[in-house]
Amino acid sequence: MNNKVLTIKEAVNKIPDSKARLALGGFAITRCPIAFVNEIIRQKKEKLDLYQIIGSMDSDLLVGSGCVKKYSYSGGSLDRFGRIERINQAIANNEIEVREYSGLSMSLRFLAGSYSMPFVPSKTLLGTDILNNLLKKGEKDVVVSKSPFSDEKWVYLKALQPDYAIIHAQYADQKGNVIIEGPKWDMEMAKAAKNLFVTVEKIVSNEYIKNNVEKVTIPALYTTGVIEAPYGAFPTSVYNFYDYGSDALKEYAKINRNDQDFEKYKNENILGTDNHYQYLNKICDIEGLLNRQAIPDYGYQPQRGSK
Amino acid sequence: MNNKVLTIKEAVNKIPDSKARLALGGFAITRCPIAFVNEIIRQKKEKLDLYQIIGSMDSDLLVGSGCVKKYSYSGGSLDRFGRIERINQAIANNEIEVREYSGLSMSLRFLAGSYSMPFVPSKTLLGTDILNNLLKKGEKDVVVSKSPFSDEKWVYLKALQPDYAIIHAQYADQKGNVIIEGPKWDMEMAKAAKNLFVTVEKIVSNEYIKNNVEKVTIPALYTTGVIEAPYGAFPTSVYNFYDYGSDALKEYAKINRNDQDFEKYKNENILGTDNHYQYLNKICDIEGLLNRQAIPDYGYQPQRGSK
Amino acid sequence: MSNKDYTTNALMAVTASRLLEDNQNVVVGLGLPQIATLLAQYMHAPNINIIYEIGVINPEAVEMGVGIADPRLWYKSEHFTSFAGTLGGLLQRGKVDVGFLGGLQVDKYGNLNSTLIEKEDGIRHFTGSGGAADIATYSKNILAIMKHQKRKIVDTVDYLTSVGYLRGDNSRQDEGIPGCENITIITNKCVFTFERGSKQIKLESIHPGIELKELKESTGCDFVVPEQIKLTDEPTDKEIKLLDTKVDPNHLYI
Amino acid sequence: MSNKDYTTNALMAVTASRLLEDNQNVVVGLGLPQIATLLAQYMHAPNINIIYEIGVINPEAVEMGVGIADPRLWYKSEHFTSFAGTLGGLLQRGKVDVGFLGGLQVDKYGNLNSTLIEKEDGIRHFTGSGGAADIATYSKNILAIMKHQKRKIVDTVDYLTSVGYLRGDNSRQDEGIPGCENITIITNKCVFTFERGSKQIKLESIHPGIELKELKESTGCDFVVPEQIKLTDEPTDKEIKLLDTKVDPNHLYI
């Protein structure tokens, strides 16, 4: 069997040191590929051209660590925990180039990429400052033009096929057949990228895949590399595996508000560690981790009766 | 709960008697909505504007019965059993208007419809007589034009949103959440139609749907009506339920070769019956039907050791 | 029918819930939108379909979450799909009857800003669009819930994230944007809707206990005041009881 | 290495199987394409990915079927998707290395017809394209398996369903169609490929026992004949044994 399993270090090593075109799968505080992103920071990749549907903890870490030159997304947050302040401040201070889209327009660009449609027409963005700003910034991937069938006006969005997509999922086999449980916002992005790296909670057998064929979200033909990374999205959540780490997220949403605190967090927890296990040791303890394990049928850690 | 369950007679009754724009879900000899199509024939719908990805037994029945004015598809057959000769002869004799596409171009038109993209660009059909013929016939839904981003030439395919789509699936709940097991070639077509009627082998509880959420192919928001029709695709197959009826298909692939034989088949088996159970009684017996039941894990009726 | 023992948030949730009709497909966010939708399901609209843009349809959450990325909100769903699946396959597909929105600012034509605020020392960047711009473009009706402050209800938004009636009159239509039947702004002081022709913001009803003078002072733009000012209908005992016992028993939002 | 106990179909299947490389993604149809692909998996290309356009990826069928719509061919699959998923998400997406095709006619530039035959009393309509036109447009390599008859290998096809090199030279490229690295036609008498520049059909190898004269007489168009005519490599004992015991033990196609 074509074995695509590798380590995070090996996978990150395959990404060019500078100017890689990279898409990230996280959504606010769920299924963020934190283990992978931290290794990108450790390997000091720079000038990333970064794409994401919803800005999340993963991209906030990358922007805060100075790895990103340009960031295209549709807004984002850490849900009620706070804001992606590394990104917000980098935008306010003009430290990164930003291309702000809407959720649909980013998604359609990935959808088009996943089918190698060259571009898609939509009405969304018409009349907005999102569109005005993109055009003002000379974003060549967006054009307002009429339909080939009539004089009707459409926003044409160019397909996005980043060099690399990084997502975190529940399961994959060694060949790269991926099962995503719960909402699959990152599905088209994963299929659109020229190379797809997937970190998963568990590598499963090909037999498991075939026995659960109706759950396979991304067939192996799209996948470049598979990495087993238990708790690889923590402190963000993974449906059916573990809940978000509230304390760790509260802490992060505090330290991402200014340069000094973030710098300290990065130096101690990311650069000061060699791998994701060590990072986890820094941001929580074993009890804190295991207490967040999801309960079957719920998919998260429900409130205990006694609480 | 919003109960969308109705009978086949009621559902067919909702379709206008003339000129309905209708898409069919069958693929050659599998998951053809035979029970529904036979009722369309009984209710003598006429001048249908019919759309399908792959021509199949269902559309051959409709064309043979004179219900169809115009048929858009990408070719088809009864696999090794034979050809869709009612359609082939109707084309050769100019008895129906035909618009022949390729599988991808039809699929992309439905895909576009399922997202309300107005049209999609593709390279497929360039250089073919398929394209030449469509343009020669004045098909307004296909235009060759350049890209809004460059001078590159693309085939623009207009989105298809038929008034009705009819598919046959394994399961749905009363609300219209549909589970299709096995390949799902008709998924985009189902989502593209303005009204979706689904015949299913079994109506299941909403609880079953929620317990099998990862298998739900079409959420209820797309569904207009749900009809329980056991063996509703027979003599074509339904994965995990029953195998195709070889004898009945052999017989059909013989009688569809000339007008007289088909007329007799139609009068006796379709117009001469009142519902699908009676039709099944005509084309097979109970032993023949039950012997085709699928074996778990295979999804079809495997060759017995003794055979 | 009156019940003075309710919070302003409860009044806002009840007001929103009454605008929802049975069988509607609704894009919902966390907080008051979720509360209003659940209340409507209990009261008069049991067949409402709930859509979370992250890719979740018709969950039956038993705990409140911290946002739509919280698996608490995905409990017992009927379908999981992608962002393209909800915002493309449902919203752009024309399947969404009501979209809930919020934001930093709304202007006199119902345009919303959730992106940034211009300050003297530069811009301050906030959450951004997510699906908000798309919902404003494609949803048949918009329900926006806002805090009533002079700097939030303004003449012109600092950044137009989500289209309302653009520059009024037919400007939305002229721009080629799909039509929006109703935009309703529910604040903690009143309900605003928009004039049919001019698309000017107008006072639909004022919450009990709020004076017109106070309203004008805390609003950053002019609005049309009808001759007869309606009072916002108060919650019924049944609604309040449902909120207290079923919808938000821990009083996180109410 | 020679083994005279093989059928022409076995020779054709073996010839096709040797053109497949490991890790390639292949769109397969029933019959010889399926046989050739399974043989390649047993011999030298264990990691080939099989795609059936109906929406099936990497099945492990234990019985032959009557077509790709036969659930026999879906046994133990790795993924089920839609027609748009295979022909759009994989083929148009550039993921298909080899596409198998057949048809009623092929012409001197490798264009294929699977739609209709012109007869004196009118047209006779056959199967049509299905995914064939799309595979010819987007697959990196085309393997066509045809019966060798004068009316099937022709100067110009009656109907151009699937593009080969169109009108030769750069005409395919000029038409804006994605490039195709190799088109190979495997018949029961020989193997045809196409000249690099002119894209004219040329004799790649002749099957053992077939005379050039017979070949010319049974071919409906001129073809380039190299100075040294190669013989098609015969199947090895191992290949024949695999066909007999593993790939097609009931000899349905071999």
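Every chain is named by a letter (A, B, C and D) in the order it is written, and numbering of its residues begins at 1.
We adopt the following convention: a residue touches a chain if its C-beta (ideal position, glycine included) is under 8 Å from a C-beta of that chain, and two chains touch if they have at least 3 such contacts.
Just so it is clear, the model here is predicted, and its values are computed rather than measured.
Q: Determine the shortest chain-contact distance, in steps, between chain C and chain D.
A: Tracing touching chains, the least step count from chain C to chain D comes to 2.
Q: Considering A-C alongside A-D, which chain pair is linked by more C-beta pairs in contact?
A: Per the contact counts, A-C leads.
Q: What is the distance in Å between the mean C-alpha positions of chain B and chain C?
A: Averaging C-alpha atoms per chain gives centres 41 Å apart.
Q: Once you find the CA centre of chain A and the CA centre of chain C, what distance in Å lies between them?
A: The mean C-alpha positions of chain A and chain C differ by 28 Å.
Q: Two-or-more-chain contact residues of chain A, please, as numbers and ranges.
A: 108, 111, 115, 117, 122, 152, 154, 181, 214
Q: Residues touching two or more other chains, restricted to chain C: which are they?
A: Within chain C, residues 80-81, 84, 88, 92 contact more than one other chain.
Q: Give every touching pair of chains, nothing left out.
A: The complete list of chain pairs in contact reads A-B, A-C, A-D, B-C, B-D.
Q: Any idea which chain C residues touch chain B in the complex?
A: 23, 25, 46-47, 49, 57-58, 60, 76-81, 84, 88-90, 92-95
Q: In the complex, go through chain A and note every residue touching chain B.
A: 108, 111, 115, 117-122, 140, 143, 145, 147-149, 152, 154, 156, 158, 181, 214-215
Q: Which residues of chain A touch chain C in their complex?
A: Touch list, chain A to chain C: 27-30, 53-55, 73-77, 79-81, 83, 87-89, 91-92, 100-108, 110-111, 122-130, 132, 152-154, 181-188, 237, 239, 243-244, 294, 298-300, 302-303.
Q: What does chain D use to touch chain B in their complex?
A: Contact set of chain D toward chain B: 30, 52-56, 62-63, 65-72, 74-75, 80-85, 87-88, 91-92, 114-115, 122-134, 137-138, 159-163, 166, 172, 175-178.
Q: Considering the complex alone, what residue numbers of chain A touch chain D?
A: 1-2, 114-117, 175, 177, 191, 206, 209-210, 213-214, 216, 219-222
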